[in-house]
Every structure is written in structure tokens, then in C-alpha cells.
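What follows is a set of notes on a single structure, which appears directly below.
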Amino acid sequence: MADVKGILQEVQAGRLSIEQATELLQGASMLDYATLDIDRARRTGFPEVVYGAGKGVEQLLGIMERLREHQELVLVTRVSEEQAQRVLERWPDIQYEKEAALLIASREPLRPVRKGYVAVVAAGTSDWGVAQEAAWTIRCFGSEARVIADVGVAGIHRLFGRLEEIRSASVIVCVAGMEGALASVLAGLVDIPVIAVPTSVGYGANFGGVSALLSMLNSCSTGVSVVNIDNGFGAGYMAGMIHKQMSKPV
Amino acid sequence: MADVKGILQEVQAGRLSIEQATELLQGASMLDYATLDIDRARRTGFPEVVYGAGKGVEQLLGIMERLREHQELVLVTRVSEEQAQRVLERWPDIQYEKEAALLIASREPLRPVRKGYVAVVAAGTSDWGVAQEAAWTIRCFGSEARVIADVGVAGIHRLFGRLEEIRSASVIVCVAGMEGALASVLAGLVDIPVIAVPTSVGYGANFGGVSALLSMLNSCSTGVSVVNIDNGFGAGYMAGMIHKQMSKPV
Amino acid sequence: MADVKGILQEVQAGRLSIEQATELLQGASMLDYATLDIDRARRTGFPEVVYGAGKGVEQLLGIMERLREHQELVLVTRVSEEQAQRVLERWPDIQYEKEAALLIASREPLRPVRKGYVAVVAAGTSDWGVAQEAAWTIRCFGSEARVIADVGVAGIHRLFGRLEEIRSASVIVCVAGMEGALASVLAGLVDIPVIAVPTSVGYGANFGGVSALLSMLNSCSTGVSVVNIDNGFGAGYMAGMIHKQMSKPV
Amino acid sequence: MADVKGILQEVQAGRLSIEQATELLQGASMLDYATLDIDRARRTGFPEVVYGAGKGVEQLLGIMERLREHQELVLVTRVSEEQAQRVLERWPDIQYEKEAALLIASREPLRPVRKGYVAVVAAGTSDWGVAQEAAWTIRCFGSEARVIADVGVAGIHRLFGRLEEIRSASVIVCVAGMEGALASVLAGLVDIPVIAVPTSVGYGANFGGVSALLSMLNSCSTGVSVVNIDNGFGAGYMAGMIHKQMSKPV
Amino acid sequence: MADVKGILQEVQAGRLSIEQATELLQGASMLDYATLDIDRARRTGFPEVVYGAGKGVEQLLGIMERLREHQELVLVTRVSEEQAQRVLERWPDIQYEKEAALLIASREPLRPVRKGYVAVVAAGTSDWGVAQEAAWTIRCFGSEARVIADVGVAGIHRLFGRLEEIRSASVIVCVAGMEGALASVLAGLVDIPVIAVPTSVGYGANFGGVSALLSMLNSCSTGVSVVNIDNGFGAGYMAGMIHKQMSKPV
Amino acid sequence: MADVKGILQEVQAGRLSIEQATELLQGASMLDYATLDIDRARRTGFPEVVYGAGKGVEQLLGIMERLREHQELVLVTRVSEEQAQRVLERWPDIQYEKEAALLIASREPLRPVRKGYVAVVAAGTSDWGVAQEAAWTIRCFGSEARVIADVGVAGIHRLFGRLEEIRSASVIVCVAGMEGALASVLAGLVDIPVIAVPTSVGYGANFGGVSALLSMLNSCSTGVSVVNIDNGFGAGYMAGMIHKQMSKPV
Amino acid sequence: MADVKGILQEVQAGRLSIEQATELLQGASMLDYATLDIDRARRTGFPEVVYGAGKGVEQLLGIMERLREHQELVLVTRVSEEQAQRVLERWPDIQYEKEAALLIASREPLRPVRKGYVAVVAAGTSDWGVAQEAAWTIRCFGSEARVIADVGVAGIHRLFGRLEEIRSASVIVCVAGMEGALASVLAGLVDIPVIAVPTSVGYGANFGGVSALLSMLNSCSTGVSVVNIDNGFGAGYMAGMIHKQMSKPV
Amino acid sequence: MADVKGILQEVQAGRLSIEQATELLQGASMLDYATLDIDRARRTGFPEVVYGAGKGVEQLLGIMERLREHQELVLVTRVSEEQAQRVLERWPDIQYEKEAALLIASREPLRPVRKGYVAVVAAGTSDWGVAQEAAWTIRCFGSEARVIADVGVAGIHRLFGRLEEIRSASVIVCVAGMEGALASVLAGLVDIPVIAVPTSVGYGANFGGVSALLSMLNSCSTGVSVVNIDNGFGAGYMAGMIHKQMSKPV
């Protein structure tokens, strides 16, 4: 992939051996049970993230160790308390966000590196964990995240009470379960992109979040796009990327 | 069914023959291709309604003729323009509500017989037909129906502009397609029962109204119950029955 | 939202400061992890209800404490025995309805404040818990609730034996799992609104209550509207609201 | 594969050539575009049936001609009026049942050859076609079929009025769309096997008959088994086979 | 329901009081938490069956005790080993069929009371439990049941090896999971009604038995009807009823 | 909702009558069959858009006429050729984009008002229409849109051939049907937000776009969010909004 | 992609300009509305295939013309009769297989170039078209295809009559609708890979082929893999590729 | 059904008794709770495989013991660690592959008996177990299997780095969860048949592997066929069979 022309010019000029060029064009570093994508930060602007769910502790420690050598920041998602405890025994300085189920191993403390903020707006108290996962992912991008919780449409005046703060954000993440109506109402009130996260909160014909997912995909308001059910990380990533994109010179 | 004890007492007293009693306890009048439920008005408070869709014109005329002999009011739903034209050729005085796809053959003109009204609140212009079907069904119950259209949550201030009128109703019918968020928002603002009708308006992952149906079933607001997709008649019936019930001496 | 005109007149008259008016128009009281909707009783006729499932005990106690300060009645749904035990340790006077999985903290004893009653009709013995949830919710509204259990259509004569009592109700809640046929049969026999609750009782192609849900939405009888699967609280709320509505002066 | 032992004995005895035996053990008569199963009547008690839908007229005529050579009875299902007209031009004596969409080419007139009858009970007037398809299939089996129409549970007294006639049947076919509740109610009232046919009658969340199908599969009453949606032929076949089985010497 | 005319004649003749007649016409015996259908054996030919799953032991004992007073046979389905142990402590003479998860409390030993038998044909070893549930239900009807196991289509010659025994049965129950192809193959080889039971055996896109259920509903062979997933009891009931019906004088 | 405080201050100062303030706080302009949201451009940054599908020509002309009075730009989506022809008869200067099925009535010619561009990347030739709908919507936002078509993963080198152009964009819209794999591959190669549009292109188990929709929601690459099936307008809107946001001073 | 090393060596040696190398590494030839994948035959062993459905005639002619320049063989699938007629007007020598809906433009006549054959086994006469699509695709690969039709499991002896011919094949394509049981039965009888194609033949709970699809995915027999519903082309392609692979020197 | 003609000739020649011939034509060896298909290796080229999940240890030991008498190789799938431990206590020499959850009891050590290999390509580290199940099944066929792990499309250069090794394989098994895009990308790059295995890896709208399953069925690349979700065994079996077929003389 990469800069094909440039690499070829280096080869033609004799400044790059064929072996080196092949490696660069392939860009993969093969390990035993995993092929770590150490090139990702350069390519996509964010280092490889580890999906923690279901991984054994040894495997988790192994992958984290290797990644920490190459990356400024190692983010692990869906980390159980038990997994976290074992990781913290080894590296006590790592940050564990229990509500967000995230492990964050950053060489530098996380702090906003650009102006503006992302508003993470959550409908109910049960959406809290997903909202936190989004917020901390945003912070890993170097953006500020503000969580505005429990402003679902059952008592819509609560939303209006926070509208000014929401409207001043650069990007909005909207977290809602049950019928997910908050995304539609919100998007009709702002001129800011809304990344909607359906949550599996609810029961009966909620079908594990499908109800909210369909609502958000069918929103009568424009300016909404959707990520997978309970995927606070994905929404935070998308929002962080947009916010970061905004501070680039166009 | 009916009043078992009463009929038995009449039999015991010799005032009712066994044949008559059997007939009364069975209560059915068997015809050739249909068993008309002429007892329904007494039993459920509303005469038998004819489902027009797919019926041949001759069959439709036959059923209507027979029912008009026994009932003050004959309501036919899902009537195509072609069907209506043929029926009106025979009985030019019958009322055809084209938008609602209803034929209404009433001996007396429809007019409100009780105080208060039912608010039929519709989210978009495409929900108009279903809202009209609900409204005319309500009027057949002898209740006033007011249609408040195009107040969906994409521009939620439109809803607030009509809120006073909605709050003064006795019952609310809420008609919405796409993500059906209007029902949740509305129910969070009023102390009146909301009958929600999902409509098949929308496309893609709307799945013919399933998206709105699930939204309404999973409403985060209480005080909402739901009828079938596009079933304006069913919602109007339910609302009419509740409104009628309210004027009975408790 | 509230009474926009009235608040504006108060402002114009100088009887209300801009800060107070803003607060009233917003009506939200922001807490740390929840935005309690203390305005709800005035707006919707019933105070905020707490959804207990999945809440930690500390969080539950915190929310209940705050709500008890503002509300005559605090209702908590889906409360496990373990949660209940912990709450009762703190406030031994609170009522715990184990079969209904409800905690009821009422300043005044619950008793009917209006005439008439709501009939909660359940098809099988397995629907008992959902029926109890509906019944106690109705009682929280100040209405009488009578549970009529195990009258499913497999032995339809059992239903007819209770029909008189059902027909004398003001509203009916119908609870049924499996194929949910009871709602259709019942609605064809009465002139009273029927709120149907599908339950997840059954197995195989029952799909966790979907079978009964679809049955009830497709009922061939009119006068039925439906709430979410196993949502006895929602049905009781709807029935209570209708019954309460009936005693208002129209 | 027929009577293996017997054929082998014939081979051993030299009364059957290997070629003949092979053919008999294979039992297939290969044609150009179809492999007609002329052995079926012997094997399953009913000759091969032709599924008419989508077949070109030439192909239909070809198959029917060949089958008429070998079979007493040729039954063609799902025949459009246009297909029927073309077939009747060729063989004017063939019976076309338009409502049932069946062509029946029988060498002998259809008439009951055994005692008793099958009751085909249909919920609504829209179920009429499927009921007729079932009834004529039963008649092809040499059994009497009686259609009892429009006795759905919305007015359940209509069913009770016909119950005596239904209870005297040997087998019951129950045809119902919408929520299909009739099957459950019926099966709870009789000691006769009920073959249930869900129909695609209904709209919205009916999903082309899925609602009635699930209802019937989840029936709270025992003694019900189900065939595919709108499959009147399949139900009639099953009922005819059971009725025929009853007259065999056990 | 019952014999309306007869009861009325008794009333007219003064041989039956109105109270007694009312009770007979209602036929329900109301208990505290259940309305036992003691009239069922007379009406449907089989006494009320108890669904054991999820019932508390006390409730189970209570219901069984009451039913044993009125019924020759009490059948309890879906009984866990733990439930069974508790019941057997009280009534050690009751029969517990562990593989079938059935409790059978019969005054007389179960033995065939009519000629012929029902063949219960199962595709794989994993379908064994469901097949046993069907077989014992058939035996409760007083019919002989023969289980023919592990003859699925992956090795179809195994089926042919048992075909003679299957063909000599009066009714067939076919139990199969995965793709459920056995039902189609079997029905194409016999002239006997086939009651098909899809089982939830399988994984992945099997969806808990939906794959086999759809297969059986869409069988290309006629003479198949279907019961709910894993519903061995329902299939055995249907088969037993058909077999019993065959020995009635037509 | 608007600026509540400001309006109240105007009222207090007597510079705004209560009627005017009420109107402003409600912000709705009620018409006969529609409540036009003329406030939308101020609130959400884009004027109200008309959904053309299913609208009668008269209704369409009426709405467009009214909107053109208030808005610089009137965009109508899902316009059939027949509808377009009728509208163009009335206003010949309106732009009709046939492939995109859009009518664009802009007072000023559409041209980019900010730097950078949005890349609309489409997998196959069949995705062309949806891609055009997205591109023209983006142009309505005042952004440049470049369509890069037919670069699906079946021949992935085609994508790499265009990668430089894609990587230089500010936002990416990715349009793909069938299995929708393009979104995942693309997002793994860039550091730019990807708005994915599943299309209904495909057949069989594609289920009208559900296959691509699920793929995109489950993308193993981060930085992807999704809009409804075939919703090129929604994706273009989201992309346009993000691009516009990027040129605001943070 | 291609042979990266080789191209780089050519560049280093000065035998390939950077422009040429870039083009080769990109391998894409960009046209106006399509990016033809002329490299495909070399890469995947089969030239690019055109999906005809929904393409305008002009577009179709354009693509075919360009591809015919580069490819020995141009295959167009899902071609309507109307499309075919227009194409044949231009190139009368092209082969149109109407039943298979394929256009085949081959410079050389299609004939088998390797030993052995692929058996295309179809369950019913309605599966004929899909079987033909598979067979002609196989022939385009230079393999012989033999169609064995109408051997579904309803009369399983028909299958056994053709088993010898099927067992002598190198690969099997199995085409079946309804419950798709043929694939399981077949795979249990042979030691040859079976590619299964579910067809949308059937009705009711067949759900457009989903029933057969699930059956085939859940086959109790091993040695079966599945392609999309009605995808005869895909199955023929897979079978042709396997057969071709078999004649390569291993 | 074996060689019908040959067996018949033996009978005719008197060299085979009728009993023996019957047994051979039936070919089934009936046991108590299972009908072992000892004829399978001859018929399908691979001995009967045991599905371990859910089987009791005694039953498992019994079946294994019997099969080991007749088969060179006994393969047991889905074996839990607990089951394995018990089996190994009895036969310590049996091979247990924990990651693949397979027990392999082979008389001869497994080693490749033909040239070439099967590439098992897995998208993520979570697909490892399914990939191992496929690989060991292939080895049981006497083919070499090479696992190439963690080369999913999120970092597509990792795939290109291994492409040469993949392209040199004879058959490919592709294992992927989430959106399963790897199958499409891979099949577009090779001229080798790809057997795709969707895995249940993922969450939210992944629906237990349905997302990947639909992706693979709808692949825009040709040369892909699919097995059930998580069915590594089925894919390995299919690949092994194809590879074995390739070394037969055509």
C-alpha cells in the first residue's frame, strides 16, 4: 500500500533494496498467534486497539506488551474487572475505567490537544456505561468529552435544559436504548453531526437493541449516522476522528 | 352466551321454547358464504364492520345490504376507489371518505353525542391517510375527532405549538412512521392515554412499519399502547370505545 | 414546556424573575448520575417510576431517597428479592410485592379512590406474575384491580364462568402467552377497552413472546391495543390512566 | 424401494430378469424434463399431484396427458383461470374448481367411499379459497367434506352454533388467518384431531401469515398440528389420509 | 358448552335446578391460583395435563393432588429431576420417565387397549429425549409406541432397513433436528399420516430449531403436519388421538 | 425553542408582545395539510427537504411553491421522471438530476464554498444512483463531491488505483451493496471518517440490503458509521454537515 | 498486487518505467461509469462476468464491447429476453440460453477440455432454470455438465435410479427449493463434494428460499457447502473451479 | 444402496443368500440407542464422525468403542475438556486437540498422503479455534493444512504479506466473524476454491454470526461457497474432500 511511487523511485535510485521495498509494500509484522498492525497509527491516525472480551490473561498481557513497545497509546476495550486486576498487577500505572470497561496505557497523560468538545448525550441511567466508553475513547483521541446523562424523551424538558451545552459542541454522540427516540429529537434541534449508538437497554420486543437500532437508522431527522449496538467505542472513535479532522488545515 | 341464567329462567317458566332458547344461546344467523354477527352491537357496543379489501363487488353489495337491514351504521374499511364507485352507483347517499378509504352508511348523520374530543396526532404528511381512517372511525362512535398533522419530532417545536389543543383532548391517537418517536415524546407530555399506530411510511431498514412498531412497543414513556401497522381503524375504534366509556355512569 | 403563556404573563407582570422563568420552562433538576423528573406527576398524572433491573443497591437507595422527598408515591419495578431485602433493611415499612417484583413506597395506604374496577384477566398460571405486576400498578393509580386467573381458551368454559365479573369492569387487562388467543376471544365478548400483554410463556417457536405479541396485534376482534412483552406495568399504567380519565368531568 | 425381499425371490426363482428387477427396484420412469412418479399411488396411497403455479400451458398439458394414462385421478393445484381455460379447451370434461384453483381429472365421479366426514372450519370469509382447496382435496380422497365458514372468534357464538356438526366429524381442518385463534379454541372443545392451516389473510404485522402460523404452532390446546401457510391442499391431504386410515382394518 | 339442549330439557323437566344447570353450562371449578379443567377428559378425550417447567414444588404437588382426585391419569410434562425427586418422596408409586422428563400417575398400569401401533422415528441420537416424550404420551393414550432411533438421512440405508416396521404402523411421529429432512423422505415412502416434530438439535444457523421447523412446513412430500419445536408431547398427543379415533366405529 | 432567555428579556422589556413571543417560542407555521418547518435552516444549518416519493403532483407543487418563498434552496428527493416532468413544466429553470432522482431549486448556482472535497466511493455500477444522490446532496451543502465508482473488493486493485484521490478527501461516503465489504477495507486504509450507505443491490439472501447493512454495522475497521439502506441523501447530508463543520472556526 | 517482486526487479533493471510499473501494480483500467477488471482472468482463472439485471441496453452493449476486446469469453448473467434480443441484433452470433438467462460470447465454441464431468442434480421441475444457469457456467469453464432433473426426495427412488451417473461425476451441484432435503440425502450417498443451491421455489413459510437455505447450511450430512439463493451461476462457478483445479498438476 | 446389480447377480448365481442380500441392500447395523453407519467410509470416503456436544460420557465411550472396532479413524467433534479427560483416562493414547475441541483416535499417525496443502486463512485472533477445527479435520483426510491467522481486512496489508503462501494452496478455507469481508477480498485475488466459515465473533447486530454468514453468501466475488456458522469441521471436511478428489485419476 503506502506510497507506491515513492518506494519505486527509491528502488530505481538504488537507495532501497528489493527486500526492504517488498517489506514496506507488505508492511506486516507476523507473530505467532497474531499479526500486529503496527503500521495502523500512520495509516489511520489511531494505533491498533485490542478487543479484550474472551481473551485469556496471558494472551492479553502478551499482546499489550508488544504493542506498548511500538505505540504511544494502547487501548483495550471490553475488559472485565478480573482481567483488569491481573493487568494492573503487572503494570500498576495503567488506567482502568471500570464503568467504561476500558484499559488505557498512555505514555503521556490524556488531555485535550484541540479546541471544542464532543458532547456525549445519553437517554437513561442504564446507558451510562456505553456513554463512558464513548467518552474515554474520545479522550484518547486528544479531544474533550462531556457526558450529558439521563435526558431521554420521556421527560423532554430535561433535554432542553441542557441544549445550550449540547449545541456548543463540535460533534455529538447520542446514546439511547429502548425506542432510541432521543437521536431523532436531538438531530432536529442542532446543526452538528450526530453519531447515534443504540443500546441493548430494554426488554421484550426490544430484541437486544434492535428496536433502538432500527429507530436510529430510520430517523426522520437528517444528520444522524449509526454504529453497532452498545458500540460506545465505535461511536467515540468516529466522533474523535471527525473532531480531529476539524483541526486539520483544509 | 348472553344472559344464561335469564334464558334458563324463561325456559323453566315455559315462556321460551327449547328451540328459541337454543337459538338465543347460539345467537348466530347462518347465511350462505358468511355468518353475520348481527348480535355484535349489543355485545360489544359497535355493529359489525366490513373489511373491504379483496372482496368482489357483488359480495360487498350483498353483505352491505343485509347488514343495513339490521344496523343503524354500516362501516366498510379499506375500500378502493373502484369499489366505492360501484357501491355509490347503487346507494348514492352513502358517504365515501376517499383519503380514509372508508364507506360509511349511517341512517343518522354522524355527529358528536358526548363532550370532549379525541386528538389524532400525525407525524408526517404521509401519515395523513391512516390518520383520516382513525378520525372517521372515531366519528362513527359519536365522538368528535380533531386531526393535528405534520408535527413530527424532526421539528419538535411544531408539536409544542399544538400542545394545548392536544392536552385538552380526552384520548390521543398518535400516528407515525419511520422511527415512530412521536409517540414517546407525546406520552411524556400528557396525562391522557395514547393509542399509537405505526405506519409503513419509510424505506430501507423500515421493513414495512416494523421499525415504528418496535419503537412504540418499547416506548420509554408510559401510557402508550399500540395497534397493528397502518391500522388507523383499530386505533380509532379503541379511542372511540375509551371515550364512550368515559361518558358512562361509573 | 408547561404553560408558556402563563409563565410569560408572570414575567411581563414582574412577578417572576427571568431566572425562575427559565428554570420553570426547563423544569429539569440535574443531579450527578440522573436527572430526576420531579415535574412528571403534574405533567402526566403519575410520579416518576424507577426501573429496578440491573441497578446497584446504592444507586437504587439514592434514587429512592431523593424521589421520596418529592413524591407521595415511589414505585420501583423489576425488583429482585435480593434488592428488595436490602431496601427493606433501610425502610422496613415499604411494601414489597414479590410475585409482581414491585416495591411500593406510598405515604398513604393504597386504596381505591374512584368507582368501578379494572379486570386483569390471565390465561394461564404462568402468567400470574405479569398479572400481579399489572394489578398492583393499577392500585397505585387509586383504582381497584381484580385478577381473574387461568381462564385461557384451552378450556373456554372457564372464561364464560367469569364473564359477568369481567363485563362489569371499566377496563380490561388481558395477560396471555403461547398463542395469546384469549385477547381476541375476550374482545369479541365485551364493550370495554382491552389492553393486551403478551407474555414470554411458551417454548420452541414462541420466540420469547413474539408469537403472542403478533397474535394480539393481529387480533380479529376490535377494541384491543397492545403493550410490550411481559410488560404488566405498562398495561396496568395504561388501564389505570384510562380508568382515572373516566372519573374526570368531561 | 418396494418389496425388496419379494423381488429378490422372483430373481432367484428366475421369474424376473435382472433388468426388470433393477427397474422395479429403481421404480423411476425418466422423461425429458420430468421424472414422473407413477409408482406413488401404490406407495403413498395417492397418485402424484401436479403443482400448477408457474408452469407453462404446454408443459402442463404434457404432464397431465402422461399422468392421465397411468392414474385414475390427476389433481392439479394452484391453477390460474387462464391456465384452466386452456386445459378445458383440450379436455372439456375436466372439473375446474375456480375458488379452490384446482383442476380435477377423475375417471370416476368423486363420491364418498367411506362413512363419516371431514369438517373444514374457516374463521373468516377471506379464508374461503383455502378452505375450498382443502375440501376438494378431501373429496379426491373419497371422503365427504363439509365446509363451515365464517365462525371466527370475534363472534364466538357463531362457532358454538355449529359445534354439534363439527363434533360429529372424524377429522377437522381449521383454516384461519390474522391471529389464528380459532384453532386453539376449537381444539379445546373437541376430541378429534385438528389440522390447522394458517392463511396469509391480514396486514401489517401479519407478515404474510406468520402471525397465524406461530399462533397455531404455539396453541395452548393439544391435538393440533399445522401445515404451511395457505396450504389448503396439504391440510386436506393430511385429513383425507387420516380419514382413509380410519376405515382400514386395524 | 356441553349438551346445551339436554341440559335445557332437564331444566324444563324440573330435574335440574337453575344453579346446577348454570354450573354445568359453565363447567369451571374455580380454585385459588388455578382453574382446573376437570371437564376436559369428557370433552377432548384426554384429562388435563400439567406443564411442569417453572412450577414450584408446592404448587406442583397441590395441582397434582387435586387432579388425582378427579382423573384416572395425571400426566406432568417437562419435569426436572429435582422436581421429580420431591414428587416421588410424596407418592413413591408414580412413574418418572427421566429421558422423557415426564411424570405419569395412572390408577391402572399403562397398556395398549387397541390394535396397531404408532412408530416414533427419530433422526439422530440427540433427538432421543423428544422421541421418548412422544412415545410415553402415546402410551398414556392406551396405544402402543415403538421408537426407531438414529435413522437420519445422512445414512439413508439405515432408514430403509427399518422401513417395513415403519410401514406397518398406523400413525408415524417423525422427530428430527438440523435440517429435518427425514420427514420429507419418510412421507414420500408411506401411506400413513406423519406428525413431524422439529428439534432444536444443531448449532449456528439452526436458530434453535427454526431450520428444521421450516423444512418440515415446506416439505415437498404430502401427508406431513407439524407441531412446535421440541414438542414431543404435542406430537404424541396428536398421534394418540388419531390412533384412538381409528378404533372408533365410523 | 430558540433563545429562551433572549425572548423573555424582550418580553420583560416590553419590546415583544406576548402573542409574538408565544409564536416565536412555538416557531411553527401551520398550513392546511402540512406544517412547514421554515425555521429549520437557522436551527440545523440546512433548509427543509421534501420527500417526493408518493406525493401527488399538486401537493408537490404546493409545498415547493411555499418553500421557495422562504428558502434559498429547495431540495426534493426520490422524484420520479413523471413527477419531474410536471414540475419542470411549471418551473423550467429547476435542475433535475435523473440518476439521483433529485430536484434542486436553488436561487444561486451550486458551487463549492469551502476547500477540500468529499469522496463518494461506490463498489459497483449498480450503486451509481445512490452515489449520485449522495454527491448532489453534498453539492447542495456547498461542498465539492467526487464520485469514484466501481472499485469493489472483487478486484481490489481497482481501489488501490484510486486510493490517493480518496485519501486526500476530507470525508468519505462509501456506497456498497451485496456484502458491503468495501466499507471495512476502505476504513482500514484511511484516517478520514467514512459514512457507509448499504444498498439493496443483490439477490437471494441479500434481503433488500440487510446483508450490506449488517456488514457495515459489524465492520472490523473503526471509523465507520452507517445510514439507512439506499439512503444516499442521508449519507450526503451527514458528510456535507461534517465538511461544513470543518470550516467553522473551532 | 500481482508479482510485486518481479515488477520491482524489472524496475530496478530499468526494463520497466515507473509509470508502467505503477499501472501494473494498480492494474485498473478506469472507464467512465465502470472500472473493468481486465486483469481478472490471469488472477482468478476466469474473466470478468457481467451481471445483466437492471442494466440499460446501451450500458450493457458498451460493457460487452469493451470486454470482448480483452477477453476470450464474455458471460452475461440474468439477461431478460428483451435485453437478449437487443444484444443479438448487434451480434447475431452470440449464444443466448433463455432458460438459464445467460448470454455467452465465446471466441471459440464451448467444449470440454478436461476429463470427467459435473453432475447438476435438481429436485423439481421448477428448479430447472437455476440448474441450467449452473450447467452453462460450468461449460464456460471448459468442463462437461450433465443435468439430472426432478429427482427430489418426495419420490426418492427416482434419485436412486440415477445414482450411478451421479456417483461417477467429479463434482456435484445440487439444486433444490422447498425444504431442500435433496442436498442432505445426496451428500450421504457420495464421496464427491456437493455445492448446494437453495432456490426460491415454494410458498408460505418458504420465505423466498430461506427454508431451503437453512436446510442446506444445517445439513446432517458432511461434504456440503452452500451458495446464495437461486445462485446457479455461483454454484456452477465454484464447481467449475474445483473441476479445473483437479486437472492441474498437484 | 450399494451396487444393486452386482448383488442381484450374486443372488441369481446362488452365491448370496436372500438374507445376506437383504442385509447388504439395507446395510444398517442396529444397536440399542444408535444405528452406527459403519458403511460410511466405503460410501462417502470418510468414516462416521461423532458429534460430542451434549453426549454423556458413558454414551460417548460406548459409541467410540464400537466405532474403533470398525474404523481406522474415529473423530469426535465439540468435545469439552471434561469429556476429553474422561476419554483419555480410558484410552490415554488418543489425541486431544483442545483449541479445536476434537478427539482424534487414529490407528496410524496422521500425515499427509498427497501433494499440496489446504490454506486455512483466519481473519482475527478470535477465529483461532474454528480455524484449528478446520485444520485438524483436513489432516484427518490425509492432507496438509496450514493456518494463516489474523489477516483480516482492517489491516489488509497483512493479507498481502501472506498472499503467495495462500495462492500456492490447492484449496482455501476462510474463517471470519464480524462482517466476514475477508472471504470476498480473498476470493477476488485467487483462482482456488474458497470454503468460507462465518464465525459468531462480534456483538450487537452481529446476531451470533448471521452478519458474517449473509456477507459470505452475498459475496461480490465468485468462487466462494459457505458452511454453517462456526462449522470449522464442515469446512475442513469439504476442503479435505476436494483436495482428495484432486489426486484421483480423472
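As written, the chains take the letters A, B, C, D, E, F, G and H, and residue 1 is the first residue of each chain.
Operating definition for what follows: contacts are C-beta pairs under 8 Å (C-beta built on N, C-alpha and C of every residue); 3 or more make two chains touch, one makes a residue touch a chain.
To keep track of the chains, here are their UniProt names: A, B, C, D, E, F, G, H = Nickel pincer cofactor biosynthesis protein LarB.
The structure displayed is predicted, hence computed values, not measured ones.
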Given chain B and chain F, the chains that contact each of them: A, C
Selected interface, C-D versus C-E, where C-beta contact pairs are more numerous: C-D
Computed distance of Cα centres, chain H from chain F, in Å: 48
Distance between chain centroids, defined by C-alpha means - chain B, chain G (Å): 54
Intercentroid distance (Cα basis), chain F paired with chain C, Å: 41
Set of chain G residues in contact with two or more other chains: 1, 25-26, 43, 154-155, 160, 187-189, 204-206, 210, 213, 217-218, 222, 228
Set of all touching chain pairs, with the criterion as stated earlier: A-B, A-C, A-F, A-G, A-H, B-C, B-D, B-E, B-F, C-D, C-E, C-F, D-E, D-G, D-H, E-G, E-H, F-G, F-H, G-H
Contact set on chain H toward chain F in their complex: 123-124, 152-156, 178-181, 184-185, 187-189, 202, 204-207, 210-212, 214-222
Contact footprint of chain A on chain C as seen in their complex: 1, 25-28, 30, 33-35, 37, 39-40, 43, 48, 51, 53-55, 59, 198, 200, 208-210, 213, 228-231
Complex contact set, residues of chain E against chain D: 1, 43-46, 49, 114-116, 160, 170-171, 187-193, 195, 213, 217-218, 222-228, 233-235, 237-238, 241-242, 245-248, 250
Chain G residues touching chain D - in the complex, by the definition given at the top: 125-126, 128, 149-151, 154-155, 157-158, 160-162, 203-206
In the complex, chain A residues that touch chain G: 4-5, 8-9, 11-12, 14, 18, 21-22, 25-26
